[in-house]
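I've put the structures underneath this note.
Heads up, the next two complexes both have chain A, just with different partners, chain B and then chain C.
Moving on, here comes the complex of A and B:
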């Protein structure tokens, strides 16, 4: 049966013996087979449409930022674990992960991950993967069907394992100025990480021989209430560790996001009717 | 009057070529005649031909099956043979004294196979341009490198086995010089010069091994139709068996390390003469290794 209601379409990510069903609110999967028309002089119209590259796909989904899992002794979700592992990896040859939704399975590489935290709000995240396939493995396989028993196994933890702005202070992101001596209040932050993967194709084979992870760029846009006019020509890079906490995590550790060598690249302020003046600063780190 | 690309068919030796582009150039060799006295020291309106008229036809086309032009690589000038003279016709403008001077085929992953040909001819273009209107043929097959089989043989002392062929090109060049007899403006014969085949290939296993005498290598690219997987189903193949004369190892930030080799083969007449199978009186084949 191809008619599947959303309650039978959970998003599951697995890597090795690690496996997590995410609290996804939306999901989209695309598969493309690029072709191009070929024309010949002396002939009106195309000779046909011919393959112009390998089939490739992508999958993106939004999910509630959860910290119900424990990976490598760190609390969090599998996407945050993967992102941390890839960006800090010294190995260039990437290995993909398996993502599954409503019977469709892809073997892909994380190319973007983001989350936002705002005061008194549940934090939401999004992730996208690119499917290149590998060797004889198709980028996307399976067929659409409803899957049962896909509710998260950590149901009991959900009440306290969802990241919330109420208990996430993001104090390491606060701007402080010396004159006058002030420390900002942080109202929210948007974090994003993009990673570049480069597949290497060879003759006689459609799908890549291997895929290299090349570079990553991480940015955090922080909304606060201090405008720092002392932005330097060459800002000093700093290491920041963000801690996202769930509702029941007062006094307990949350999900950590380590940002290395972040440089502030901009600052701005906006004023509007019926609101305080809010400032924004953007921090960028590269890997 | 202007015409569209679809109005001019390209034909070589009567065969229509499915070319994606073509260019035809024609030139006369003229020298200005200056004199040593009078007003003609610095200015002259007189010219004298110094050579016959000639031109070049260049085009790129899709390899759809057995490649006709590849036969000219071993069919021009070997063992005393003058080979087949090439006639060309572009929209009604035609010549009949052409010779293949360069041929190349490019190999890229998941790409349609394309070849580039350059033909030199040594007479003028005859005929008049007459546009045609014709629909493109349907069900045309263009061979794709996804279905290629690449085989490589390298000297055992080269170090590191080569398992992957990322992409490359097959190139052939031949010197062709017209031979004019007294009173001729169109040559009655041509003299073939050096013929060289080379292959540039990006491969894995970077190594710096390259002795002063070069190192032997052979690469064969077999093109198959979509879905075919056996060498016995090869539609067309390209072989270069010679000496590696150049290696190049390069990388750039964000990229992988690329290792490419250049194999040069200067003997084109004796390549690829092999017996692959024999049939007995009952018609059964015996495959020879």
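Moving on, here comes the complex of A and C:
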């Protein structure tokens, strides 16, 4: 029976010999087989609909930002590990990862990753993958079925290892100005990373021979309370390392996100009723 | 043996001042950590905090006791009215041999009401942004108390200044002051870095009249006949014309009127006046 309740639909990501089940709150999978009609002189109707490209799919999911794993001696989750690895990779040829939800499996390339941190709130993340398929491997396979949980634990526990705005200070993102001397309070930050992949197709084969990682761009939008009007024509790039912490990480290291050569590209302020004026600045880094 | 704690073993102290005439008080919090984490493929129950942790304090006090005159403890002799501004207060509730502490409480609503046959009393609700409960707190023993003598004893110790009251009898009134608070939270902290005293402050004054010649307005009186009133309610010292507390508001807008009649009661009118005060 294909009726699957959410408790049997965990999102699992695996790469090589590592895999992690994420605390996903939603997940969607799409598979497309593009086709286009062909017309010819002498025929009123179409000759038919013909494939316009290789079958491809995508998958996106939102999840609670967790710091439960350790990858390459760095705390974090597997998505953050993949994002860090891809954007800093020296090898252009990319390798996908296997993603599974409720029996549907795809072999995907991370094309976007984002998270947000706000005061007194649980941090949430999202990720999306593109499924190109490979060789004779279909982009998406499997059928819907509910995956049996491990023995459910009914014990009340604190959710340690979940990134929380209460324990994350984002100190490196604070704006400081010299006159008057002030340091901003940071109310929250939104981070996003988008990556481009280029599949290489050859004649005689539907799915790509290989896939290359090409470029990546990441941005951080910070909400604080200082408006820095001294934005330069050519801002000096700077390296920023964010450390996300949660319950259980107090006094210990959290998940690190290194942003290299980030340039501030904008600053703004918003005023609304019954609130203080909040300012935003956006930092952008490219790879 | 099961014991119990009665009113004689309970007391409320705010900023070192013992509050007397308390009729009821309640203090409560709801833990923000009470929601379980839910995710696709959920296989265990785990809790985590979501949202800022606050608590609430409600106090209902007779206005028989006020602050001693001559002490510079605030603009009003009612200790609670002095917290309608931007200052927080801390305190302790003693019950038996136990104490319940709270810090950084901000008044959100302040109300005074009285009716025929009643003693004037104030009702306040406060939100607590600091700490609440037990823990390591300074020993806030009562350093002083409100004036132990009975100052305002009943509904005949007051004066109301409004035109209608010359020929119509007031059976009850209430003054309600809402003082908005805007806490500012940053990442990395679970207490606000500041609490802004919001503006404007909304003031509602309600009167119940037993009418003689009171005339209810046409409900389409706005804007051509918009009615503004100045209102002053003065609570005097017992058996004296010495004013102790005064609630005075100018240019209050008439916002509602209601008429009621019954076979066993006199015709009555209830009307509401409202104003907004900028800080």
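Rule of thumb we're sticking to: the second predicted complex is superposed on the first by the 278 of 287 C-alpha atoms of A that agree within 3 Å, B and C clash if a C-alpha of one lies under 4 Å from a C-alpha of the other, contacts with A are read in each partner's own complex, and residues count from 1 in each chain.
By our rule, a residue touches a chain if its C-beta (ideal position, glycine included) is under 8 Å from a C-beta of that chain, and two chains touch if they have at least 3 such contacts.
Because the structure is a prediction, the values reported are computed rather than measured.
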Check: Given the touch rule stated above, what does A:44 touch, chain B (first), chain C (second), both, or neither?
Finding: first
Notebook entry, point to check: Counting only touches as set out at the top, which of chain B and chain C does A:54 meet: first, second, both, neither?
Noted result: first
Notebook entry, point to check: After lining up the shared chain so the two structures overlap, which partner does A:203 touch, if you call chain B first and chain C second: first, second, both or neither?
Noted result: first
Margin query: Counting residues of chain A touched by each partner, does chain B or chain C come out ahead?
Written below: C
Notebook entry, point to check: Who does A:195 touch here: chain B (first), chain C (second), both, or neither?
Noted result: neither
Next item on the list: Check whether A:83 is in contact with chain B, with chain C, with both or with neither, and answer first, second, both or neither.
Entry: neither
Note to self: Quick check on the superposed pair: does A:215 touch chain B, chain C, both, or neither? Answer first, second, both or neither.
What the structure shows: first
Note to self: Which partner chains sit in contact with A:226 here, chain B, chain C, both or neither? Use first/second/both/neither.
What the structure shows: neither
Notebook entry, point to check: Taking the contacts chain A makes with chain B in one complex and with chain C in the other, which residues are shared?
Noted result: none
Item checked: Residue numbers on chain C that touch chain A, as the complex places them -> 32-33, 37-52, 180, 182, 184-190, 193, 196, 198
Item checked: Residue ranges of chain A in contact with chain B within the complex -> 38-48, 50-54, 92, 196, 198, 200-206, 209, 212, 214-215
Checklist line | Contact set on chain A toward chain C in their complex | finding: 6-11, 21-27, 61, 63-64, 101, 117-122, 147, 149-159, 162, 164-171, 185-189, 247, 274-276
Check: Which residues of chain B touch chain A in the complex?
Finding: 5-10, 16-22, 61-62, 91, 107-112, 132-140, 142, 144-150, 164-168, 221, 254-256
